[in-house]
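Quick one: this structure, given as structure tokens, is what I'll be asking you about.
Going in written order, the chains are labelled A, B and C, and every chain counts its residues from 1.
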Amino acid sequence: MIEMSSIDAGLLAAGAWIAIGCCGLAAPRSAGFAGRFLYPAGAAVGVALAAIALFALFEPPSTRVLPLGLPDLPFHARLDALSAFFLLLLGGVAAGVSVFAGGYLRADQGSSPGLVCLCYHLFLASMALVLVADDAYFFMVAWETMALSSFFLVTSDHRHAEIRRAGYLYILIAHIGAISILLCFGALQAGTGNYTFDGMRTLQLPAGWATVAFVLALAGFGAKAGILPLHVWLPEAHPAAPSPVSALMSAVMLKTAIYGLMRVTLDLIGFPVWWWGVIALAVGLASALFGIIFAAVQTDMKRLLAYSSIENIGLIVAGFGLTLLFRGFGMGTLAALALTATLYHCLNHAFFKSLLFLATGSVLHATSERSLGRLGGLIHRMPWVAWCALIGTVAIAGLPPLNGFVSEWLLLQAFLFTPDLPQGYVNLLVPVAAAAVALTAALSGYVMVKFFGIVFLGQPRDEALAQAHDAGPWERAGLVWLSAACIVLGLIPHAVINMLEPITRQFTGYGISGEMRGWLFVAPIEPERASYSPLLFLAVATALILAAWLAVRAFYHGRARRAPSWDCGFPWQNARMQDTADGFGQPVKVVFQPAFRIEGEAPSPRDSRPQYRETADDRFWFWLYLPVARLVDRLTGLVTVLQRGRISIYLMYSFATLLVLLFFVR
Amino acid sequence: MLQHYGPQVINLLAAILLLLAFAMLSQRRILSLINLFAAQGLVLFLATALVAALTAQSHLYWSAGLTLLLKVLLLPWILHRLIRRLNVKWDVETLINIPTTMLIGIVLVILAFNLAAPISQLAGTVTRSTLGIAMASVLLSFLMMITRSKAVPQVVGFLAMENGLFFAATAAVYGMPMVVELGVALDVLVASLILGVFLFQIRERFDSVDTRHLEKLKEH
Amino acid sequence: MNLAGATAQFTELLLALLLAPLLTGWVNQCRAWLQNRSAPGLLQPYRVLAKLFEKEVVLAHNASPLFRSAPYLIFGCLALAAAIVPTLSTGLPLNAAADAIALVGLLALARFFIALAGMDVGTSFGTLGARREMMVGFLAEPALLMVLFTASLISQSSSLSTIVDALGHREFVIYPSMAFAGVAFTMVSLAENARIPVDNPATHLELTMIHEAMVLEYSGRHLAMIEWASSLKLFVYSCMGLALFFPFGIAQGGDWLGIVLALPVLVLKLAAGGAALAVIEMMSAKMRIFRAPEFLGTAFLLAVLAMLVHVLLEA
């Protein structure tokens, strides 16, 4: 029996995914073969990877040098606690999403199912390889493979022009980010030529270069994660992709960017400066507020979820900024608290966002409608999807006792202890930052009520919805897996915090699980300062609800009868009289009006067929992207002068180059 | 007991002063604005009287009495008469909307606190941290003057600025010399008289007290 | 978690459930006195609840299981909130299970479900009420959280019993930041409890409804649970306000004599608070619905300012 270390097991899992993907090429047009055998096999590999990662969290780091790569720079792979945590996230989410995808992907959606299967599993494998890469070359190869395979997945339904456009924008910004990351690695190796991460770790960079590396990393990984102002690709690419792909992108791919940022700042640079934390905090909070405000005014359910992803990534980056701030001032315990909150939120977001995207996928399958203006009342026709989506929305809104609340609670606890900082201005700005986090959390509740209420509750806004069917067995299994994860992560936070302890101990020197008061409570610093017990909370709440129900039934009666709805006595209620998605977003549009660029047209009184249109656009598109695009256009216009079209001109260019070279080599 | 709770009460009065400055910033009605200004005067009177009791400087009692007479009774009465004679509308129009104004107000408060921090290290009194609050209320009143378009709130803003300076002097350095104080009071009185005449002239010319009409006096 | 603590906790919860409708009746009584008319009596809310429980529930044809279970969920959440807030004493077992942030989360959970219930039947009033309630909620919830944060910064803890211990049982100190927090808290509780100037609890006109619009489709025992939950919410906010700003008289955990003495003190304080609420309602007029974000935005910024004043003056 060969002694296998965790890194070998992890690499084998990635290889298994690639193999499964290649099997998809065997029967390219059959959706059934891929759906019944390959995707469930991929899900099993995901579970195995998650188990491997869970073991590897508590072991010392293991390394492996692969015989691939450049002659003097073979692929180095390393599995330490941080990589193991993100691999656990990848495996857990991929299991649920793959099971769902088995029942979801059909044959007539543009690309052939075999190709989609190949790209999908290649995507999963490349994400796993990004997480274990230990040198710059392997990292970039895996990163680019991830970008390319996701591009092909996003444009899998390439028959529609706007999907192709969304894919183009996505790959463009992904490459801008990749260039920035490459430059960052260049800054990190500081002229030694040693591109392995081990070499970068032992190098002590001068402060100026360290800052350059940090800024490049923030820009590069931020472009992939979707923070302001490099976020414009997210609301286009996520709705364009098929729902399992959107789920994976939003849940796992954005987290690989966060992993990259953490790896570079905490591990490779090693000694974060405090004001980097202020930058990250500011950028993160701006993205969070921006994302949730825009999510509130969307009328397409997948765009709404995409903007909500921007918000959550903003919160994660803000938490990371807080970690850097504390670490920079040498406050180790508080840095550990902030890092735990950040990592916990990564895990939570992965599960509840993928759950919600998969639920929208089921709705899309059943109704072929993405627009919120034509959905409604689906809780009656699709109960499984609706109840799983309810768990997802309660989790994402950060409500107790599910998992979203725990990470928010930990983050707010980290903010509560900040007035002990030595710097005056930062001390005053941090309560303002806590207020921004609270506002974001409250707004996400608003957005989720809009999402769930308009899609699943109320009356159907279209007659075709009467034919909607519930999700199939594979889809149900995937949804239930992810919902169960949301519930479990919310009810046993001490186990998750224990799991995160090796990571925080490695990067901040402290862990926060040591001060907990038994397995029932979570008390991050001291029990008198704050404590929370989700199990007790849920138990008492359930007991009270049941007691109330039983008492009412016992003392009074349980009679009910059905009748038309009351609505203050108005008998002719129809579906158009309930709120639309636009209407539900109107308060946010009015209150946060300077954030939008609102364009609209209203009908005149003399119109025989009045039409009303209002769009709320992203200002960054008009301030930043369009001017840059116009500038690039103008510059390329200048260069196009060289392209005359005549063969003799091109031959003259080659001739001139030859003459110049001969002249210089002489 | 007075020595123990006195500085705490002064801190509380400082906080109430800042609260009133914020309330004036977010007020929409002119009548409430004048009442808030009178309340600020009352807070000043209490603070001055308390400082006088704490430090046993009897001239501060005179100062407190003057404040009560002028800022709580006389000036609000004059302002009430003014708005009744000018027949102004009750709603105040702002140049930028109220939530944005309050956000800018918070930024100003943070700035003022940080600016005052090194100075308050040097002052010798126990209540030196109120210097930041007093500076913040001066800045907030200035902001109020900038963001209002009608003349009467701008006058009230000017008077509230003087309130803030007076509080800074009283709380941080335990009172100005009587001469300085009488001089400042006279300046404020003269300024109010001039502003009053000014208001009537604006009213005569433009039939409204909206100061944006003054832009019509430009050359072209 | 010993037996004495559990008994004290259970007593507090039962007391909250029984006293909440009485508080609503008292506020209505004070309003009637101020408006020079005769009130229906202090026990009227109890009579209303008894009548509603007797009646049969009429459900719309397309009401879902969420609609039917929401009243119990909301009631359970608010009962748990009433058990967490230290009304008679601190140091009770449930205080360790949920701190101030969890309390705000619990109130948000109740609001979430009542908004969803309002959207469930798909009438225009229900969705209108849900939208307005979430609009009030997304500004009021951060303001409340910031008020509790101010108290947490002062007492160096976010656990409610430690906050009350720090503010009430130690030496008396005047905290200026609590003045700001007090104004902000008053504005937030007026908004969240659907009182004038944000919402009129006595009207059923479309222009003025927020809370009533969401529960328009409920009847019978469901409506009774929701009405009881609303009076519990007023009780919870009043007790929160008393615990933060007037914590004298709240006993320390396990002190039975203190708990017995705390009851009449609590009743007196609630009576004074109810009368003050009636006076505020009398003196204000209801705002236009789009002035509500300004009102709540002011409360939010005042709460943030409270934290800043604490960091400057008291740290």
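We adopt the following convention: a contact is a pair of C-beta atoms (placed from the backbone, for glycine too) under 8 Å apart; a residue touches a chain by one contact, two chains touch by 3 or more.
Since the model is a prediction, treat every value here as computed from it, not as a measurement.
Trainee: Cut chain C out of the contact graph: what components remain?
Mentor: Leave chain C aside; others remain one piece.
Trainee: State the pair with the higher C-beta contact count; candidates are B-C and A-B.
Mentor: B-C
Trainee: Based only on mean CA positions, could you tell me how far chain B sits from chain C in angstrom?
Mentor: 36
Trainee: How many angstrom lie between the CA centroids of chain A and chain B, rounded to a whole number?
Mentor: 50
Trainee: Can you list the residues of chain A that touch 2 or more other chains?
Mentor: Each of 428, 432, 591 in chain A touches at least two other chains.
Trainee: Counting only residues that touch at least two other chains, what does the list for chain B look like?
Mentor: 99, 106, 110, 113
Trainee: Multi-chain contacts only, two chains or more: what residues does chain C have there?
Mentor: In chain C, 293, 297, 304, 308, 312 touch at least two other chains.
Trainee: Please output the residues of chain B touching chain A within their complex, sorted ascending.
Mentor: So the residues of chain B touching chain A come out as 99-100, 106, 110, 113-114, 117.
Trainee: In the complex, go through chain C and note every residue touching chain A.
Mentor: These residues of chain C touch chain A: 53-54, 56-62, 64, 66, 68, 72-73, 75-77, 79-80, 83, 94, 96-99, 101-102, 105-106, 108-109, 111-112, 115-116, 119-128, 130-132, 134-135, 137-139, 141-142, 145-146, 149, 152-153, 156-159, 162, 204, 216-217, 219-221, 225, 290, 293, 297, 300, 303-304, 307-308, 310-312, 315.
Trainee: Considering the complex alone, what residue numbers of chain B touch chain C?
Mentor: Where chain B meets chain C, its residues are 5, 8-9, 11-12, 14-16, 18-19, 22, 26, 98-99, 102-103, 105-106, 109-110, 113, 129-130, 132-133.
Trainee: Within their complex, state which residues of chain C touch chain B.
Mentor: Answer in residue numbers: 173-174, 176-177, 179-180, 183, 293-294, 297-298, 301-302, 304-305, 308-309, 312-313.
Trainee: Residue numbers of chain A touching chain B in their complex, please.
Mentor: Contact set of chain A toward chain B: 424-425, 428-429, 432, 591, 594.
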